[in-house]
Amino acid sequence: MRPSPAVLLTDFGLRDPFVGIVKGVILAHAPKAPLVDLGHELAPQDLDGAALALRAAVPYFPNGSLFVVVVDPGVGSSRRILWTRSRRHQFLVPDNGVLSWLPEDEAPVVWRDARNPAWFLPPVGATFHGRDRFAPLAAALLNGVSPATLGPRVHDPVRRPWPEPRAAGGGLSGVILSFDRFGNAVTNVPSRAVPAGARLVHKGRDLGPLRSYYSEVPRGRALAVAGSSGLVELSTREGDFRARTRARPGDPVHVRRRR
Amino acid sequence: MRPSPAVLLTDFGLRDPFVGIVKGVILAHAPKAPLVDLGHELAPQDLDGAALALRAAVPYFPNGSLFVVVVDPGVGSSRRILWTRSRRHQFLVPDNGVLSWLPEDEAPVVWRDARNPAWFLPPVGATFHGRDRFAPLAAALLNGVSPATLGPRVHDPVRRPWPEPRAAGGGLSGVILSFDRFGNAVTNVPSRAVPAGARLVHKGRDLGPLRSYYSEVPRGRALAVAGSSGLVELSTREGDFRARTRARPGDPVHVRRRR
Amino acid sequence: MRPSPAVLLTDFGLRDPFVGIVKGVILAHAPKAPLVDLGHELAPQDLDGAALALRAAVPYFPNGSLFVVVVDPGVGSSRRILWTRSRRHQFLVPDNGVLSWLPEDEAPVVWRDARNPAWFLPPVGATFHGRDRFAPLAAALLNGVSPATLGPRVHDPVRRPWPEPRAAGGGLSGVILSFDRFGNAVTNVPSRAVPAGARLVHKGRDLGPLRSYYSEVPRGRALAVAGSSGLVELSTREGDFRARTRARPGDPVHVRRRR
């Protein structure tokens, strides 16, 4: 049987050898583990970006995949490393709420504080948590070690509540959370929360109804589209919405019902 | 037997989770597939860059490799997804001519319109073609599914003719197609089309005869070299030709025969 | 048994297809080789960065891993390609001293000039050494070919001495070698060379004693920390030391003993 993949999400970037070193440690201890990069070019300490990436990606990975997330403003501090699992996947994450935005059917069901130093690499200098803790813990899990040996149960993981859009004037008031490489804006408004006939408005500009396809508008035109991970996105057809509209994270986005 | 690799070429970039998600879907359906990145940092919708990358890379991959190309200005529209194969490799591509610049012995020999929705993932929002169509189609092919089940034969794939250099004044007139990371310019002039003794000229500047090695000129000197994929390249030895000469895609390049 | 991984370190960047092509050639000849990226985004010809990356990474990889390093200012010249091995790993490198900074217990113990053309790909144009030489040589080694068949023993590989800090005024005088993505400065001062109670000084600014954890100083404060690869690093807690202090490679760093 093919072992489950380890899926890596960090803010280490790809210029330095950090990601490679983490992989080296995993392979040194779990040589058959398939390694998959979910991403390493998040802006340093971009917790929103990491939480959105996991929300979009986790459901599509094979059952049993182990997500190893090292996006951690508290590196070098006493931040806990947590293990958890959902119905289909398992996770090693810093205790910073990065899993809080997972879809409901991926909700973590049990947590452990992975603090048993038996699994850590011996210290060299300042701790490089990805290398010295996350990687050997990941290898142990990939080798079938029982999560119970990692450390005790935890009942108070940090939560990072989803920024729910607010009801406003008979409609909804949301915000832009993040942008992708193409300049598309991801909002906190679930597509299914947009009533038929409602119109989307960004900074006073009416973007029309929620579309299903880019091709519903002419090239170069801005639109609101039911995005691929279930959230309303603001885009420009064959263009860069962010650059053209000078949109920014936190910009308000309104859903106006038909009168 | 080791299964054939899936080789991924997209313009998704590495900052967002898109590439990881495509890999997740492939692995969820074809867990033993080796995955190789040919590149994801093409400028969005850079079809020339994608076609040149495939021209340079395809011949070097193992027989049976499946190239999955998601560089597609028409995403979300009715653009077809085509399956094809050459003598040694197979391909899943948007119907935009991206395979037109392959070497002759990699010429596609049969095409299919991969439109059978039985292979697609169920829709969530706006279609993310890489995730919802290309990835599960790739997994099916890697699992040995017959291409005939993907959809009907196609006889009119979009072609993107190679921009042949023109005969001009007893010589040839070509153009710069693209630059690599080091600032080297790739032209549309095949090295074998340059007669012995001919000189290469860029924007009025004589770069001398076609060289075989950078070391034939002093450091910092511009030269024309028989590039590693059979095309004339313009370079600066241990320097950045693009930056030093302000060269741009489309710049004319002349081959002047000896008088 | 799982074959040993090939670990790739180049300055090819990830925008062009070069890295993918190298992988294609390796897989075409050694289809079961696991491939791991140590890094491809080094600045072109950044030999210091490559040497530091190997120093930090090599010890963490599985026994038997083959490091393939293509960071080579002399590409296209008569620069030799060398094979060597340490106690636990093996290497294919250009003859430019890139392995000189490895930790002592990874010291290369025998060298060969990998010049036997039987292992090279047939020439196409200007030689793309990564594709035409390093990759097929790597595949041969991964397939168990004896290194003796690659070429004759070499006794004069290029050395690149570690820039030792100098004794100065009862203390030590070192320099900044490089920066990582987060703006942390890596120096040439080994942490174990800093006496208890000594203070670190950068450009006249006292950064205090050598710290073990970032959390020993308040957020936004600069500090000197015993780095994760055994060298003193200069950092700003939850900030970018390079940007905040306008530090540059070559900046002097002083270790001042307590008076």
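Letters A, B and C name the chains as they come in the text, with residue numbers starting at 1 for each one.
In this text, a residue touches a chain if its C-beta (ideal position, glycine included) is under 8 Å from a C-beta of that chain, and two chains touch if they have at least 3 such contacts.
Treat the numbers as computed from the prediction; the structure is a model and nothing was measured.
Any chain touching subunit B that also touches subunit C appears here: A.
Relative orientation of subunit A and subunit C, expressed as the C-alpha superposition rotation angle, is 120° to the nearest 5.
Each chain gets one centre point, the mean of its Cα atoms, and the points for subunit A and subunit B are 31 Å apart. Residue numbers of subunit A whose C-beta contacts span two or more other chains: 14. Residues 12-21, 23-25, 27-28, 31-32, 35, 44-45, 73, 75-78, 124-128, 131-132 of subunit C are the ones touching subunit B in the complex.
Remark: subunit B residues 2, 5, 7, 9, 14, 34, 36-42, 53, 56-57, 60-63, 65, 180-182, 191, 211-215, 225-231, 233, 238 touch subunit C in the complex.
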